[in-house]
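Consider the two complexes below, in which subunit A is the common component and subunit B and subunit C are the respective partners.
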Partner chain A sequence: MEITIREEQGISILSLSGRLDLASGATLKDEIKGLLDKERKLLHLNLAQVEFINSSGLGVLVSIMKEVRLCKGRLTLSDLASYVQEIFEITQLSHIFEIFASEKEVMDSYQSETVS
Partner chain B sequence: MTHVIDQISELLIQLQSPDFYERESAVRELGEYGRDEAVAGLVIAMEDPDLGIRELAADLLTKIGGEVTSQLLISFLAHDDIATRNLAAEILVRIGADSVPSLIAGLDNDDHDVRKFIVDVLGLIKDDQAVPAICERLKDDNINIVCSAAEALGEIGSPDAVEHLIETIRQTADARLQAVEALGKIGDPTTLPELEAMLETNDPMILYAAIEAIGHIGQKESVERLSGLLDHADNTIAEAALMATINISIANNGRIGCDLPLDKFTDFLFEGIRNKNDRITRFTLDRLSHWYGSNVIESLLDVLEHVDENDLDRITRVLGEFGGSVSHLIVKKIAQATTPVKLTLLEIIKEFIDDDIAGELLPMAGDADPDVRRKLAHILGMSGSPKVVPALKELATDKNGHVRSAAYGALGWLCSVEEIDFLFEGLNDKYSDVREAAMGALIFVGGPEVVRRFNDDLYNDDVERQRLAATALGMIGDADVVPPLLSAINHPEPSIRKSAINALAKIREVENTSPLILALSDENSSVRKAAATALVTINGEEAVSEIRLLLHDDDIWVRYHAINLIGDAGSKEHADEIMSCLDSDQDIVKIAAARALSKLGYRDAIPAIDSLRGDKNQDIVEAAEQAISVLQEVK
Partner chain C sequence: MATYEYSYPSALESEERMLDDLQTLLDENSVVGRIKNHFMVVVSEAFTNALVHANNLNPERRIKVVISINKTRLSADIHDQGRDGLEGISSKKPPTSESESGRGVNIIRHYADSVSFIQTRGGGLKVSITIDREDEKITDKAK
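Moving on, here comes the complex of A and B:
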């Protein structure tokens, strides 16, 4: 899995590409930990290019979410491909994660929170 | 002309008829004339014993308006009957600016009651042209008229009255209150010195009015002067000073540049929110982020039921910012809250749920409302605390299916391997949502034991269990599931064979693809198509040599699918075989072949595709033209 990271309006945006499983999940976890260590607590995962995610990948995402919560950060997801969306719905993870249709909606959401 | 006068005279007589319908008809007809004589008749009808006729006459008089109508109505302001008098005043107000000259002329009336009514009516009409005449009434011999004049000037709000009102404040003690209130309504900042001087008075009524007036004027320079009254011994005065400060704060977008002793006013402010006072609500919520204290949090929790959705969002955010420190207060509040508030509070607490809070929430598993139990299940699951498992298992046997579904989902998040037996039980639930939630939980738990049990389920007598097993194995998606899925390609049920193949296509990491190659000859066309897709997904271009046999499949849609796959895979090696499909007797196959050949960039196909341009099917012609256009660009 490839992970590219960029900063936009104070939010660390991680674009993931490929398959999210145990091995690639460990890499993702390390990246997130690195960002949290640098006090980057507003994190967004763009999953548009994630074509496959298995149960280990889901476990990794939940563990990342717990980590972000502990640091009083915020984790958002967007652009879930239909298969990923299906697995999120079946496992009801859509109740745990803040999921947006697009990155623009995510940015708007952060923006409105700042304004209010 | 005489004829019209005669007709009006008859209608005036008809107005005296004992018959309701005759009188009503007369009023309607008089309304159509709009002449002075008819107006007189309509004014008479204002005294009719029937309310409906009186209102009809009032409507018609309003419509006609004009000087004569106004003058006649003014004469009714001295009427003995209070209802008639009020009706006349009401019509004059409705006529509005047109009646003002007549009303001004009537201010010299000898009857002080009439003068007072006229002033009141002018105040309600709110027309600036009446201001000088009303100012004159501030010197009326009758104090009631002076008071009414001050009130009317406040209603009109013209700065031209300011000087006269200040004079009244200084000279006429009995009208001081009304004059102060009027200055507040006019809102002219030049009056502030006069009003601030009133803050020294011992008269609580005047003091209250002056504070209120200063608040209405809304200058932030007044805040310091008002702050001295916030600790006034009389609570009413202190609260008036705070309310005035709130008004000034709102007029200045919250920038008043001083701290306020809000703790003293917690009850007043939150009572204001409960009573839906928009200004107090806005001010209080604006201050929340820098106003701490457990009494504030408790008060906030108490007003949740009284605010609109936007304010609720703001409070939710503020409570969220306070974090875990307020969680125990929230838990305490939840116990006595209404269902909507419980749901809101659970949503807030979700943000900082931990082991301890989860433990405190456990009694809510017995809540009467299924929405609350459902939300609770989600939140308990998010806590990650093993001690909530028994409560979640209890909720997974709830009488409500949504609650059971949420509980199974939450059990999955806890990844509790010990609960595999329990989770598999959920696959037998009567509701599909619950079965899928149990399946989702098992996908989450994963691992060799779950895979083994789902593998067994592939051959369960219950077809639904077979379906869930095939889906779940695909979603678990690790190396352990590949062997059972490969075996499932030989499953007696075609839908299971297809699900297993689709799952393998998603997993991709499949070393032994022989069962998939065999599936290209499956008796079921959907299975053959799925196998072709899976092979291309797993082996890429190499798979084309296997799937090319489907170019001659009996099923037209399998042929169509195979052509598309080969075109997408980009393998020119078998382009000749696709070219043969251009001669198919099926139009859809011809179209797919032309498109595939253009994707492959196979220029040798141009003559054969060109021959399709003469086809009678326009879709074929278009596909051929597009393909040729693409191929001509290929070097």
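Moving on, here comes the complex of A and C:
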């Protein structure tokens, strides 16, 4: 799996591509830990290029969500391919993550939170 | 029916190797789209279970994967050399919404048309999974 990171309006946006499974999940966790250590607590994962996810990958995302919550941060996801969205629904994880259709919707959501 | 057999050591990197092998095999046999994704995920769930829980990431224990492909069905047998066998599957508590593991068997049961867990004489588990290719035709028509 490849991970590219950019900053936009104070949000760390991680674009993932490839497979999200047991081995690649460990790499993602390390990247997130590095960001949280630098006090970057607003994190967004763009999953548009994730072509495969299994329960190990989902477990990693749950673990990351709990870490972010402990740090009083926020984790959002967007651009899930239909197959990835389906796995989230089967496992009922779509209820516990903040999932948006696009990055634009995510940025709007962060902005409206700042305004309110 | 074409049958393909693979064997992997129980090391973390074997998961990627197995998925690479499976993806290549499915591409070569023109298995594409949703059924390819569904088959890859069910095989990976059984494989990860064998790798981590049954074989405990012990590289001396191997995982055998047998894939069969024909016009109507995709099948996989995943054999481990663990000691938990059926007990390891049946004693698992259902995951809570925030559990980090325990969803794999549910995912297999959701996508597979049949799944069986058979304890072998040596104590290892053989997980047999099939997905009917007819289901994909029905799904494609519904789109």
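Convention: the second predicted complex is superposed on the first by the 116 of 116 C-alpha atoms of A that agree within 3 Å, B and C clash if a C-alpha of one lies under 4 Å from a C-alpha of the other, contacts with A are read in each partner's own complex, and residues count from 1 in each chain.
As a convention for this text, contacts are C-beta pairs under 8 Å (C-beta built on N, C-alpha and C of every residue); 3 or more make two chains touch, one makes a residue touch a chain.
Remember, predicted model here, so these are calculated numbers, not experimental data.
For the combined arrangement obtained by superposing on subunit A, do subunit B and subunit C clash, or do they fit?
Once subunit A is superposed (C-alpha atoms), there is a clash between subunit B and subunit C.
After superposition on the shared chain, which partner residues are touched by A:I90: those of subunit B (first), subunit C (second), both, or neither?
In the superposition, A:I90 contacts both subunit B and subunit C.
Figure out whether A:K72 sits in contact with subunit B (first) or subunit C (second), or with both, or with neither.
In the superposition, A:K72 contacts subunit B only.
Per the contact definition in the header, classify A:G59: touching subunit B only (first), subunit C only (second), both, or neither.
A:G59: touches subunit B and subunit C.
With the two complexes superposed on chain A, say which partner A:S112 touches: subunit B (first), subunit C (second), both, or neither.
After superposition on chain A, A:S112 lies in contact with neither partner.
By the touch definition at the top of the document, which applies to A:A23: first (subunit B), second (subunit C), both, or neither?
second
When you line up both complexes on chain A, which piece of subunit B, out of 235-243, 325-333, 397-405 or 469-477, runs into subunit C?
469-477
Kindly list the residues of subunit A that each of subunit B and subunit C touches, one partner per complex.
Overlap of subunit B and subunit C footprints on subunit A: residues 19, 21-22, 52-56, 58-59, 62, 66, 83, 87, 90-93, 95-96.
Can you list the subunit A residues touching subunit C in their complex?
Within the complex, subunit A touches subunit C at residues 19, 21-23, 52-56, 58-60, 62-63, 65-66, 83, 87, 90-93, 95-96.
Quick check on the complex: what are the subunit A residues that touch subunit B?
Interface residues on subunit A, with respect to subunit B: 19, 21-22, 52-56, 58-59, 62, 66, 69, 72, 83, 87, 90-93, 95-96, 113, 116.
Which of the residues in subunit C end up touching subunit A in this complex?
Answer in residue numbers: 12-13, 15-16, 19, 34, 37, 40-41, 44-45, 48, 51-52, 97-104, 106-107, 110.
Applying the document's contact rule, which stretches of subunit B touch subunit A when the two form their complex?
313-314, 317, 323, 351-352, 378, 381-382, 384, 405-406, 409-410, 412-413, 415, 436-437, 439-441, 443-446, 471, 475-478, 506-508
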